[in-house]
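Two complexes follow with subunit A in common, the first pairing it with subunit B and the second with subunit C.
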Partner chain A sequence: MNRLLDTVPRRAIWALVALLALLLVAPAAVSPYLLSALVLMLYFACVGQSWNLMMGFAGLLSLGHALYAGLGGYVAAALWVHFGIGPWLGAPVAALIAAAAGGVIGALAFRFRVGGVYFALLTIAFAEFTRIGFEHFDWVGGAGGFFLPVAAQADPIDLRGGPILFYYLLLALTACLFLLCRGLSTSRIGYYWIAIREDEEAARALGIDVTHYKLLAITLSAALTALGGTIIAFYGNVLSPGDAFGAQRSIEMILAPLVGGIGTLFGPLLGAAALSLLGEGLRWAIDAAGIQLPGLTQLVYGVVLLLVVRFLPHGIWPALARRLRLER
Partner chain B sequence: MAASVYLNVAASGILTGLVYGLMALGLNVIFGVVRIVNFAHGEMMMVALYAVILAWSAWGIDPLWLLIPLAACFFLIGYGLQRGLINPFMTRPEHSQFILLVAIGMILSNGALLLFGPEARGVQLAYQLDSIEFGPLLIDKARLYAGLAALAASAALFAFFRLSRTGLAIRAYADSQRGALVVGLDLRHLFAIAFGLGTACVGAAGAMLSLLIDVTPSVGPAYTLLAFIIVIIGGLGSFGGALLGGVLIGLAEALAGLILLPSMKSMVSFGLLILVLLLRPQGLFGRRT
Partner chain C sequence: MALLTIDGIGKRFRGVQAVRDVSFAVEAGTIAALIGPNGAGKTTCFNLIAGSFPPDAGHVSFDGKALDGLRADQVCRAGIGRTFQIVRPFNALSVLDNVVIGALCGTRDVRQARIRAMEVLELLHLDGKAGQRAQTLTLPERKRLEVARALATGPRLLLLDEVMAGLRPTEIDEMVAIFTRLNRDTGLTILLVEHVMRAVMALARHIVVLHHGEVICRGTPDAVVRDPAVIESYLGSEAP
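After this line comes the complex of A and B, so read on.
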């Protein structure tokens, strides 16, 4: 516990506690629509944090992270629908399978020394390959989509319930991931990852088993992403290969850490919040103006992304933290 | 199935592949010289397709006539984009460049959605229904024109790289960056030219592809990925490799559509991509560095 709190300014801890308290009581104060927006925000914070583990720490750029979230959702859903195994058991299984998928991709890539841009393209290729495969995988609905039965009454054992259930579930996962990443960032593993990210050859020369630690990063990231994917699958009740594994989804999943700040703990959270706020603000403005413009929200996302990457290349959080003097 | 069916499908796959190859050539020129992976490649081609369709529906211009004007327009766009927006990113890490181009792609595809709506559009020309007989082969006229025009455009680009001083300078840079700096080449100008040539390929390929496919605002990513696949299979930086890779992928997809299922054809491409990345990362036709 000490290691988690050492070196963190007291102001930052109080701010975190206040934020957590605010998030805990938020469902009581917001409209159902806003609650569903918050659920999505937390989901993107979770998967963004998981992705950040791999990119921000170990410097491995994955552009196919939808693969792991999609696998998580599909495996847990299939276990439940076909074998009656509930999601509380199914999620760990799904995480293991996603970790195995990540492990296979990583092992192949590192064995054949696929790095840099090529590694990123390899992750896209595996995600797309899986997407098309699932479109022909009729056991889980094929291209038409896989539907989870909707229960008449709430049942947390099978993750049947309203947005509030999923809100708190995702909030808990977000908090756990945050603590885990904080712990890792000051651990031996975290330092090894950063050494590998900064200079792989130098890390190897220091005696770090580079392949082992890169594999650890990809499997852990895949497993954690799959947990988020499972929750969101049971929230949405429908999975389709295009939405679950598509390149578009992979990009959506990494926008939050990119905007918030790669390699920082708060980046994914802040990025998810900023993007949700922007998206909802736009939706509100469009509704208020009484016009229907498909694509406008995404267009503005694109412009914001462009401005952020042009003028705040390290993301929002590092700039904000400097201003607030939250980081030393 | 009769052998002639396979032959016909193979021939049309090869012709489509030539257009794919021209598009991928653009990606290759950009990556080979500027060292930027153009993640907005497919979106740029989507814009070219809409430009063709607009010109056709407003003034009835045949897309074949637009090959050169569109390539010229796209050259200017690419040149300006590289000079104005991308150049500051040359020294930034890869993921930073990637976000920039993804953002450009998002702006293009959603801008198109705003302007044109989600429905598919295409050109209708009389000769799209015609075909020409070569012995046992029956080839669509439109596909033949598109393939040949793509081949001609690639040849023109090849001639530019071989014969012009600018082309020589670009190749010199690609060979030795330090050497190019020593002899005082204007890199910003060269990068912008290379990027412009890459987008010109996209414009030309888009003009040709409009004869073969309908366009929606969301086709971009699929073609970006297709271009990646072709370039990696052919070998990043290899000029002929991009064309051959395009033909190979066109052929593989056409035959996979016939033998397996049409919807599974891109699975074959992605499978090929994974195999090539792992077993021969320099590409089938590239040299190991």
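After this line comes the complex of A and C, so read on.
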């Protein structure tokens, strides 16, 4: 069984089309509160998919991915607020800067042969440096936060608008990322990433320039994560270093692929959906039961996560796909 | 003409001089063998040729070009394929995908690489296992997969590190037949490190004997097995 290089059977494609159709009409049917939950779900699907490129394909564990999302948000926001450069232009610039940051981390790590757990520690360290740096960076608001001006009228050119705008934007990004990852997984790059993940030395002996392909994974993952970060920054209208770069955000970002299935195309999507459902469902159930116990939602959420990791160590998707015979 | 020339290479690991001033050449289109007791430095020689680490002294040249300072992946792309003594299949992948990754060395097109990989699998009698996970293969099959992957990169020189070890006599004869045919039909040059003398005698036209990191004898198989120093250090008195 090869989870990444699998050809998607026809039944799965129909299911996907149906799901996409459902998501396209969803905003017309759901409450504003639920819509905001869906926006967050799509955001975590996007950044989860981007993170999965590095970890699931190339086997590089990043625990500081908030760095790239935060950079994406801050760069695009600063370009708009300070220079009047709109996010449609700002987002690609932000992606490039995030890619450069990823490139620097990768170049350092691979030059000094930092791998495995130590690589993960390095990614945390860079995210933390950046958080502390931005707390003292008054040009973008420092520790007090960076606020984006809110416009009275919707204006898609500057990404000013309600949740519906961001919902469709993130849905489009999710779809694009899915197609991109699918394309990559069946290309030479995808094969090479997996070879590196499985055995670096054997990969090298087969003519693979390991450092080059690892750098490609980290820069691409960083750039794509920054795109998601830009959109969510313009949705939230406020950025603070603690929220944008904090370790908690980095952990949140990897939960979807972790729960859904690392190294699979559907894992991040399924994981994001399952976690949103779980979070919102719990809140609703606890409200309905009339229990007033602060932190109970988080507690139950944590227990469910533990159970998933314990009983589905490869995530929901591989188990589901086996059950539904969606894999070869 | 010599395809591979080793000129005075040496390598020291901390206190141990693994290889000292080793020189030999492998003629294009032939099969040569590197033999010697355990710890003689055979695998180190392979690693020096394949670019796993650089030699402390000496030079390796391939087809008239120096390989000095090239990394393992560059050496592979220059036309030298290698297998590992301890097999390293990509366990999570299918047998076919393992070989596809090797074949992608010669083409960017995954479809073409698949066709090439299937050809190589047929050559090594692994085509029936193409869809299986590499993890499920038996040891002899994994050894063949190791060869298939290296062969799929399209090398002009193939370095085989103890691919016969652990095989039964019939399996050894099968492997010998495969390499003989490859060498005859495609002109592939092969350098093998091998303990199984049955295979060495059947395949090699030229043998280099290492002992304590140094060359103690070289020549045709018949001459080498009669050499007193080789019998003393490696073959023992019950030599074939």
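Throughout what follows, the second predicted complex is superposed on the first by the 316 of 328 C-alpha atoms of A that agree within 3 Å, B and C clash if a C-alpha of one lies under 4 Å from a C-alpha of the other, contacts with A are read in each partner's own complex, and residues count from 1 in each chain.
FYI, a contact is a pair of C-beta atoms (placed from the backbone, for glycine too) under 8 Å apart; a residue touches a chain by one contact, two chains touch by 3 or more.
In this text, all values refer to a predicted model and were calculated from it rather than measured experimentally.
**Student:** By the touch definition at the top of the document, which applies to A:L258: first (subunit B), second (subunit C), both, or neither?
**Tutor:** After superposition on chain A, A:L258 lies in contact with subunit B alone.
**Student:** Check the residue A:L293 against both partner chains and state whether it touches subunit B (first), subunit C (second), both, or neither.
**Tutor:** first
**Student:** Per the contact definition in the header, classify A:V210: touching subunit B only (first), subunit C only (second), both, or neither.
**Tutor:** The answer is second: A:V210 touches subunit C but not subunit B.
**Student:** Give one of first, second, both or neither to describe whether A:W193 is in contact with subunit B, with subunit C, with both, or with none.
**Tutor:** Touch status of A:W193: no partner.
**Student:** Subunit B or subunit C: which reaches more residues on subunit A?
**Tutor:** B
**Student:** Which of the residues in subunit A end up touching subunit B in this complex?
**Tutor:** Checking each residue of subunit A against subunit B gives 55, 61, 63, 108-109, 112-114, 116-118, 120-122, 124-126, 128-129, 132-133, 135-136, 143, 247-248, 251, 258, 262, 293-296, 298-299, 301-303, 305-306, 309-310, 313.
**Student:** Which part of subunit A faces subunit C closely enough to touch in the complex?
**Tutor:** Within the complex, subunit A contacts subunit C at residues 1-2, 5, 186-188, 191-192, 194-195, 198-199, 201-210, 328.
**Student:** In the complex, go through subunit C and note every residue touching subunit A.
**Tutor:** 50, 52, 71-74, 76-77, 81-82, 84, 88-94, 97, 100-102, 104-105, 108, 110, 113, 131, 133, 149-150, 153
**Student:** So in the complex, the part of subunit B that touches subunit A is made up of which residues?
**Tutor:** 37, 85, 88, 92, 94-96, 98-100, 102-107, 109-114, 117-118, 217, 221, 225, 228-229, 232, 261, 263-264, 266-267, 270-271, 273-274, 277-279, 281
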